[in-house]
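Chains here go by letter, A, B, C and D, matching the order in which they are written, and residues are numbered from 1 within each.
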Amino acid sequence: MIKYFRDIWESISTMMTGLGITWKHMVHIRRDNVTLQYPEEKWPRPERNIGFDHSNYNVIRSRLQVDIDDCIGCLKCERACPVQCIKIVTEKAPTRGEDIQEIGHIGVTSNSSRKAMVVTRFDIDMTECCYCNLCTYPCPEECIFMTGGPNAHKHPIDYEFSEFDRSDLIYRFAKPGTKEGMDKLKPTEKVKA
Amino acid sequence: MTVDLLFSWLSSLTSTIEDSSILLLVAIIIPCVALFLVMAVNAIVMVYVERKVAAFMQDRVGPMGQGVGLHAGKWGLLQTVADALKLLTKEDIIPEKADKFLFILAPFVIFIGAFIAIVAVPFGETVIVADFNIGIFYILAMGSLGVIGIIIAGWSSNNKWSLYGGMRSAAQIVSYEIPAGLSIIVIIMLTGTLSMQGIIEYQSGGMGNWIIFANPFAFIAFLIYFISVIAETNRTPFDIPEAESELVGGFHTEYSGMRWSFFFLSEYANMLVVCAVAAAGFLGGWHSPIPGYFDSNGWGIFWMLSKIVFLIFIMMWFRWTFPRLRVDQLMNVCWKVFLPISLINIFGVGVWTLIFG
Amino acid sequence: MSVDQEKLIAELVEKGLSGDMDSINAIEDRVLRSKAKSALAKAKRAAKVATKIVPSEKKTLEVSIDDKQPSDNLNQKIGHMIDKKFPGSLDSELNDTHIQLKPDQWFDIAQWLKSEPSLHFDSLQCHTGMDVGDEKLEARYNFHSMTHDHYIEIRIAVPRDNAHIPSIEQIWRIGDWFERETYDMFGIFFDGHRDHRRMLLPEDWEGYPLRKDYEVQETYHGIAIPKVKEGWE
Amino acid sequence: MGVVHGEQMVLNIGPQHPSTHGVLRLKVKTDGEIISEITPVIGYLHRCFEKHCENMTYDQVIPYTDRCDYLAAMANNFGYVVAVEELMELKVPEKVDYIRVIMAEFQRIASHLLALGVYGLDIGAFTPFLFMLRDRERILDMFEMTCGARLLYNYMWVGGVSHDLPKGFVETAFQFLDYFEPQIEEYNNLLTYNKIFIERTADIGVLPPEVAISYGVSGPNLRASGVKWDLRKNAPYSIYDKFDFDVCIGDGGQGSLGDCWDRYYVRMLEVKESVKILRQALAQIPKDGDVHQAIPKKIRPPKGSIYSRTETPRGDLGFYIESDGSPIPTRVKMRSPAFTALAVLGELSEGWMMSDVISILGSLDIVLGEIDR
């Protein structure tokens, strides 16, 4: 019998405590609100209300970006990818470290290493990318990177890249016409030889 | 605004029309349309309020928007309108193996149950469609009509989850009728009438005369009545018939679009009705808390509505704070706690009136 | 619950407390059986408040081995003990990392490993298969004792085309799912398993994926399994 | 006999059901509301983790371990790299150990918060869930500033971690802990001690310690049954032996030992202990040191095998790795704690009611990504 009334009392008291908590939150909504009205307002990520400066964070995992002018075609990123979402095809350049005007190939990277290869295909399938960031570490020229964060000076942050067609998410970074341009160059090479 | 008043007013207006039966029909239809509008507006407003209350309690802001157009208007005011439009245009799916006749019938049964109960709800001194001499009894009886609809919905969906929901709901509503009814008896004992207006009239003259403050037993009766009707309207912590984490959606799992919104509409209409009974029966109805002030007819509607809204808010507050009971615990609470206490209550009120009354 | 049922349960609980679990297990009706079991559990709880198993400090296993002590390594020691108790069950030389057994006496050895008080391997930590080549598959068991806090690893090699190992599912209950998974992935059959089905893959899947020579099916239920995605190659 | 036997109904809970915590299917035989038999059917989320591992290098496996227990990815990374390092007999710098412990404990808090909140949701309480998610977000913010990702981190590498802690991390972490500790009290008041919650969880799904051990149940589920077993204490890996913390066990506070409430409450207590560890680790962490120092150029473990266990938020996570000396593992077997926890469900829920099954399942805190791998 005592247990019966104790149970009733416990129910009432614990429920009152709970009601008090929710009431407190309801009246303090202006202070406690954590919602972000997403498309209208965006926090500079990942700073929320934790007092962290935008320039200090280590890396941002977002869309992959490639500076094709700096790529020397070493295939290290392709090998590092655990899901094989990077596909690179290279051809040997006629002369190492020289520009090829016809296809817009630049012979020397911004780190002033001379390129021996022409990248005719550099595709990244972002539908398959698992954002593990493993491809960016081995790159000797730091030309493959994830946008934003410390790389913001190279490319601003870009995390809203949804598309209507799945094939639009395959990014083709090689300059258009490189393949055909190289094919055209080849016979002239032979004639010279 | 009873039908009689409307009828006599109409006939005085149009003395040229011979056939009074048309006038009678018009006099009946006008309040019905008005009541339907009350129900619809109630649902639209209450859904919005519920979302906002829930959001604020959870440190969110709920539906928001910067303006009409892409978003749901300033402070999301148009959110429920948008929801209603979406529900209206949604595909109406009837499961192939469902009992089609009953499946279509069920939402209407529930809706009618809620709708005809409102008829006897007084919103003001004259604002009442039908002031029966058995008003409160009528509302209780009609309010429990909805359970038939829920059972029909649960059975006809031909879905095991819905069946569970329907069965649970039947057991629950039937059980909770009893403590709710026994608490109403306390009012009837004090006022000596079953008419809604009579009960409210009894409580005239300020807060002190409200039945809830009449004696401690009446206060307990109010609590029991309020908790029981939460169970009757299937709201947390007694929402086991629809328990989304257990039964997916309970009896309305298979419904979609407009049919589903009928369940929704009647849930909020039911809340309105039971809160109106609580406000009229315990909280002085359309009387102002301070005697003599703000007591005119217009203020009466205001007081009644604000009392109803206050009680509905408490229901929402409960919903966003508490977990859900299990089906057998629900029955335990009803039969082992509420029933004995409300029986003692009746006895107590009797003794109290004998000594102090 | 009817009075008869209550009486029956009370009887069964008494029997169960005195150690006779068979009479409870013999009940046909599942609901009644589970009720009886839960009543038994409650009764046991009432008898002793809480059986707290607190692992003791790490201590060396004290086992008397009359002939030359091979080493302090537990795999060596216990391997030695198994060899004495079940002659001819070892499959290869003893070493520090594991005990290699033959499948035939495995069930008895497993039972002994759990019941022997000085060993008391009450927890089957991990069980997996392995394709070791040489037309052989291996089942590997990692045992751990909560009371003595020691580990051993046992390996049982079986031929690839006739892979049968006695099931230990009734000794360690988790063996049930572990063995099903190993069967699913390697095609090792566990004799005496009471629910010998595939675990993760569909029932009608062909082949055992974690074998090294596994070939992916061409189609599954008429749906071609794509090898190269569209617009890529 | 006078016993009424109803006809048994077979009910499918899942694969699409709000409370199965993923794509789990439970084949349930019920007599009215009472469950007489329950068979979990798994494999809907099978992604061939172990087969994948046989085709890639050791470091490429790490992103895949993230995706097994996606709610505690840091802990999974930790378990894997500890196993590979043990196999290679690699010693990591002290700073790396500290960073790993800090991350693992933050992950434990985050994972437990989700488990507790979702458990509340299973029982029907919505608000605690959102409160807990709100605080979990802040932990994810801290992870994001460290490694750029919010859910699947790929942060711990064999021999090190991918990035040093960012500037200001320690201060932010302390700030968070100061904010977070009072919140635990609020959760308790709102949910833990609520009478309805206690009614729904206490004395439900009692798991006796012997059964738990036989089923290989581990982590908070085992500790709730009164077994004082925590790998961080009993077989310390990394630098857990440096910290002072308690192993929380269930005590049958509201019902009997090993019931759902105990399993819930042990997690709540563990969150407190994690805060304790974090305060120590954040205070002791060495100021300088290179986190990439010990990362090997090529990961080629010697021939052999290893079974290594770590304590994740869900229990003992074991990695059995067999190496043949090449840069590609021969076999990686993941012994997941949620797998063993789900195995016990059939035994636990027999004879309980429909709603109790949901509450038992929720209290086991399973993650289907880890069960199906």
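Going forward, a residue touches a chain if its C-beta (ideal position, glycine included) is under 8 Å from a C-beta of that chain, and two chains touch if they have at least 3 such contacts.
No experiment lies behind these values; they were computed from the predicted model shown.
> Would you indicate which pair of chains has the most C-beta pairs in contact?
By number of C-beta pairs in contact, the leading chain pair is C-D.
> By C-alpha centroid distance to the whole-protein centroid, which chain wins?
Most central by this criterion: D.
> Based on the averaged CA atom positions, which chain is farthest from chain D?
Taking each chain's C-alpha mean as its centre, the farthest from chain D is B.
> Per the centroid of Cα atoms for each chain, what is the distance between chain B and chain C, given in Å?
Each chain reduced to its C-alpha mean, chain B and chain C end up 58 Å apart.
> Return the distance between the CA-based centres of chain A and chain C, expressed in whole Å.
45
> Measure off the straight-line distance from the CA centroid of chain C to the CA centroid of chain D, and report it in whole Å.
About 23 Å, centre to centre.
> Measuring from the mean C-alpha position of chain A to the mean C-alpha position of chain B, what distance in angstrom results?
The answer is 53 Å.
> At least two other chains touched by the same residue of chain B: list those residues.
57-60, 320-322
> Please set out, as single numbers or ranges, the residues of chain D touching at least two other chains.
Expected reply: 127, 134, 190-191, 194, 196.
> Report the residues of chain A in contact with chain D in the complex, numbered from low to high.
7, 10-11, 14-15, 17-18, 21-22, 34, 45-46, 48, 50-53, 56-61, 80, 82, 130-134, 137, 146, 149
> Please name which positions on chain C make contact with chain D in the complex.
2, 4-5, 29-31, 34-35, 37-38, 41-42, 44-45, 50-55, 97-98, 122-126, 128, 130-131, 140, 142, 146, 149, 151, 153, 172-174, 176-177, 185, 198-202, 209-210, 212
> Looking at the complex, which residues from chain D come into contact with chain A?
That would be residues 56, 59-64, 66-67, 127, 134, 137-138, 141-142, 144-150, 152, 154, 162-164, 166-168, 172, 175-176, 186, 189-191, 193-196 of chain D.
> Which bits of chain D are touching chain B when the two form their complex?
9, 11, 17-19, 33, 120-127, 130-131, 134, 190-191, 194, 196-197, 199-200, 353-356, 358
> Across the complex, what residues on chain B touch chain A?
53, 55-61, 64, 66, 317-318, 320-322, 336-337
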